[in-house]
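Alright, structures below, take your time with them.
Okay, so subunit A shows up in both of these, paired with subunit B first and subunit C after.
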Partner chain A sequence: MVNTCYIPKTLEEALVLRKEKKAVPLAGGTDLMVAYKRGVGITPIFPFPVMIVTHLDELKGIRVEEDGTVVIGALTTSVEIARDERVPYFVRMAASKMGAVSLRNTATIGGNIGNSSPKGDLPQPLILLDATVVLQSIDKKREMTVDEFIIKAKKNRLNDDEIITEIRIPKPDYTYGYFRKIGTRKANAISKLTLSAIMKVESGVIKDFRASSGAAGPKVARSREVEKLLIGKLVFDLPSLVEDFVDAWDGVISPHAMPEFRRATTKNMLRYFLLECAKLPKSGIIE
Partner chain B sequence: MAVTHITDKMKRVDAYEKARGEAKYLCDFHLPGMLYARMVRSTIPRGNILSINLPELPDGYYFISAKDIPEGGKNALHMIAEDYRCFADGDVKFIGETIGILVGSDRGVLYELEKMVEVTYEELPAVTTIDDALEKKAIISGEDNIMCKLECEMGENVDEVLSKADSIIEETFETGYQEHVHLETNSVACAYEDGKFVIYASAQCPFYIRTSIACTMGIKSDDIIVRQMTTGGAFGGKEHFPDVIAGPLIVACNKIRKPIFMIFDREEDMEFSVKRHPSRTVFRTGLDKDGNILGTDIKIYYNVGAYLTSSYVVLQRGVFHSTGVYRFPGARAWGFGVATNCFPTCAFRGFGAPQTLYAIEMHLDHIARKFGYDPAEYKKKYFLKQGEETITQGHIVEKVMLEEMMKQITDASDYYRKVKEYAIGSGKGIGISFYNHGGAFTGNGEQAIIKAKLKLKKEGEKVSILCGSTEMGQGFRSIMRKIVSDTVGIDIDNVFYDNPDTSKVVDSGPTAASRSTMVVGFLCEKAAKEMKERWNEGDFEVIKQYEHPEGHPWDQTTFRGDAYLGYGWGACVVEVEVDKLTKEVTTKGIWSSHDIGRPIDELIVHGQVNGGIIQSLGYAALEKLECKDGRFKQRSISSYIIPTSMDFPHQEYFFVDNPYPWGPYGAKGMGELVFNGADSAYMGAVERAIGRDTFKIPMPPEDIQGVVDRK
Partner chain C sequence: MSKIEFTLNGKNVVYDGDPLRRLVDVLREGFQLTGTKEGCGEGECGACSVLKNGKLVTSCIIPVGSVGGDEIVTIEGLRETEQGKCIIDSFAEGGAVQCGFCIPGMVMASQALLLTNPHPTEDDIRVAISGNLCRCTGYDLIVESILLASRKGEGLW
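And then the complex of A and B:
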């Protein structure tokens, strides 16, 4: 058993290898190396050819387009994302709370989405913000929302000739925001549960409301239908709407382990956020 | 040339090489012609082995099992009993039991071969929890699944006390498994050198290994040399467990005559090594109308797994610590070591004491709150004092300074203001605990069983310390060199203390039971004193042997008398905030005071306090290890959660000066003491914050949510 490993010099070379050899990209390797490890002192064996893409500068970096869309290269690391003020708050927070420093220096956003784990931290805020992934093959380019891309735990719509090149986050527009990661401990922690929510208020009317729940089911949970329960309503009416809303949201998530905790805590956090919004505080993030 | 004095805070002699990664551990060594071994383990909790089908083994690869034990040997590891088999033979008793080992030169090949070994079983009904075993869902040990038991009592007859009490409070407390997570995983090698077997091991007790596997091989202990390698942490996990690796390796080495290494992966170490005993402690406590304790009847159950290992001694310690630092008019405790088809449990820092100490602390907190007393004030009424009787009808020999310690930490933490301010259920809480730890071996074990020896050897200006006690990260090598440096009056760089080699050193007993500084360090001080007096005699050796201090009667058959030579004492305050939305707990402050006699090195002792308390808080807050149908659920360090430095804040720590007459420079044991009480202070704080009583640890946020939701 010998591993086949390619090291393309350019994105184009990588795309050719992807198409012709079906080589699987290894970015930071923090998921792949762990998934195929065989033990101390033993080289991992991959059941497929691997190509190391870590060094491809074309897929690195963060830029902002004219309409405010933030574009993050697939090979950008969590540290780079967490440090960049131009990246929306929710994504920065999620990136800053991943693993420990060494992990954050290595883990990439493309890898986090590519891995499609329900406990992965970045999809949750990306799905909240209707972010999209750009999928490139040697023949064509596709774009779809992260929500569409991730099907369920460890399953996504990546074709075997495609590479994720970038993630595009439309400029968020909100009055109030909320982000919480409940990890297994205070640092270097896998998420037990995460939640983000935003609300846009104009003249006391809720113009937009979104929430997304991470680590609470086989994939990040959002429901435009349930979100609609609040859109168009008066902020002052929130106290009377809250219970129906949190109950409806409860139907959106489907936690397998620790269901009582995950359900009760999701309700607690959403209720808190909504009741805080009802007080119409200064706009910004609700802590 | 400078002498290092006891009062100097010293940098540990091994600090730099370890921090820089220069220290060499067993996995860094290579011996010519060496092979590796990989275990083939049982995959079911209980059953008969019908067949073992091996894949075709490449040249130079071997499968070693019970049939390879030489004539005259025995399929047993001599720990305390001889029930732990070197290899499962005919049947298996728990998931992870060694069936055989595969040996060969390439670890990748061994890994693949192991996956191809097919063992077929006839499965038998198994018991995997204390309840299963007590309900006799299957009988796996004796008539009732109780592998060992004991009872002891003191004071007034408890049955009478309970029959007259105004009220009886019955409460049951449970604690979970705990994994050691020593930084270095278990690793052992065996070679055949110059007509002797040589074991290289990451281990606490080289002489234990020697005895244990000499039994397996049926040879004299002297035909085996055990060399301790630099050991990256142990916490009890390397007290008896290295035997379980060394046994199969020596059997293999006997056949193959090549050096063979076995180095566990982290996942292997987590899933297939000994753990702390899960426990259940049931109190029936009789009270008068004002809530004063008249007497208590305590039943203690420890899940010992499939083999005894050190469990009987662990259970004894649990029983002897079950009334905590308190004296009640009457007390009786029963201990039951419950056999299950689970991985055997064994030594872990605290050695049985933490489970019952946690339980008694919570029990007193609950009674105090129920009757409207402050827990600190309530507990204080029952503090043991010098000369008072213990649960084994022994006496507290030393001065007890708990009240001074309590004052130190209640002042520093502003405890009394905070208990007033933090209303029950307010999300803020503060808790206080008191605890002790009996130093050294139980009863007369030091005198009757261990008979520790230590040798000092003078060559020119240099002195070597020759004993079997081991450095495993706790700082022992540093303090022993310091004791010699100060006592003899020579530069610490002229004092040598290498990792022990059983063919070169004398047996000073296991490095366990918080005994090394207290017992072996004392021998070292005595030997060094003699050496100083005779310094001008040229090159010579001094050997000292343990002498039992007068006035510590003990009867090991009835468990009566002074269970320990002396106690370390502790007090701890922990303050928390519990997030109302998520039940996440933030620890706001940790204050502790310990009576450890007199610190032999304040910096090293500080490290022990910090580490012990954090480990205890991890035990209470995070470290959930569930065993389902005999298999551990948390098998990696991403699912078994130990604390990081971010989880707990800076600690404030105090000591009291209470020199111990039979320890070096007044020191007594402290390595385990510092683990024994922060857990209950933390849980006391959490209880105040959420306004509910709790009955088990660990208690991560999801379980706190469960308690809050409880009707």
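And then the complex of A and C:
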């Protein structure tokens, strides 16, 4: 068995290879190289053609558009995302807690979304913020939310002639925010459970509320319907609304392993965030 | 098969073969640089850490085809520099080494830290080596030895 591997020098070349050879992009390799490893001294064998895209500079870097949308190139690494203050807090936090330093130097945002693991660190805050993913083929470009893109564990809507080129994050508008990743240790941990949430408050009224749960089902869980239970309500009334809300959110997540832990802990985190908001603290991140 | 050109410990080298071969295997078997160790083989333990353009990476999950044009430094290259000698001497002086298997990776992680932060706190050090597992020491003597290196090597970074 021999690998078929290409190393395109430009995005255009990569798009042609993608269309004609159906080559699968390998960016950092932190997922693919592990998935197909065969042991010490033995070259991994891939059952599909691969193209190494690590050096496509066209897909690197972060820019901010006039309306505040943050655009992150698909090959931008977690370290680069974590240290860029222009990137929304939730995404920076998730990037900074992904694996260890060496992994964060290698792993890319495009790869993390393309891998579509429910435990992936970045999709969770991206889905909270209604971020979109841009998919490009040699003929056309399309855009959809990360929430639409990821169907379930390891399944997404990427066509076999497309490459993820960039991720677009609309400027978030919130009064209070919350991010929590639970792993088995402080660093170098795969998420056991994650949650992020934002609330916008105006004159004591909840104008917007969103939450997203990671590692609590086959994909990141959000429910606009359940979020609506709080929108339009008074912050002052949160203590009396909290229990009904966390019970409703319990129906949104569908953890497979350790469901009691994941359900109870998700409720605890949401309850904590909402009750802290009810105290109307100074705006910002609630830790 | 394709030709991959990169810089290895300051020298231009050419690899000719499957670009999906793991960098750690190219280093150890192709270039006989056996200072880089392999532990877990999945980027979790840090034993295979090397520097790629000055940044710490785990060579067991990097295909050699992704390092074309890059500068790779292994423990064999680092130990020839003043900075590398300072870290290695401090590890010896500080009693950081027991079985030694994790140490080349630990030294590379120390170098990656000191390159960006020449005066790290204990917390900075613990974060910087959080991807390098050591099953012997309990880390304390390694952390102290990196602190020692930052003091003894004042001005080197």
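Convention: the second predicted complex is superposed on the first by the 287 of 287 C-alpha atoms of A that agree within 3 Å, B and C clash if a C-alpha of one lies under 4 Å from a C-alpha of the other, contacts with A are read in each partner's own complex, and residues count from 1 in each chain.
Operating definition for what follows: contacts are C-beta pairs under 8 Å (C-beta built on N, C-alpha and C of every residue); 3 or more make two chains touch, one makes a residue touch a chain.
Given the structure is predicted, the values throughout are model-derived calculations rather than measurements.
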Partner chain in contact with A:R210 - subunit B first, subunit C second, else both or neither: neither
Contacts of A:A264 with subunit B and subunit C, given as first, second, both or neither: first
Touching partner for A:N3 - first (subunit B), second (subunit C), both, neither: second
Partner chain(s) touched by A:T54 [first = subunit B, second = subunit C, both, neither]: second
Contacts of A:G39 with subunit B and subunit C, given as first, second, both or neither: both
Partner chain in contact with A:K186 - subunit B first, subunit C second, else both or neither: both
Which of subunit B and subunit C A:S102 touches, first, second, both or neither: second
First (subunit B), second (subunit C), both or neither touched by A:T30: second
Common interface residues of subunit A - those touching subunit B in one complex and subunit C in the other: 39-43, 100, 186-188
Sites on subunit A touched by subunit C in the complex: 2-3, 5, 7, 26, 28-30, 33-34, 37, 39-44, 46, 50, 52, 54-55, 79, 99-103, 105-106, 186-188
Residues of subunit B that touch subunit A when the two form their complex: 27, 36, 107-108, 111, 185, 263-266, 268, 580-584, 622, 638, 641, 643-647, 700-702, 705-706, 709
Residues of subunit C that touch subunit A when the two form their complex: 2, 18-22, 25, 28-29, 38, 41-44, 46, 49, 52, 55-58, 60-63, 65-66, 68-69, 109, 112, 127-128, 130-132
Interfacial residue positions of subunit A with respect to subunit B in the complex: 38-43, 45, 100, 180, 182, 184-190, 192-193, 258, 260-262, 264-265, 268-269, 272
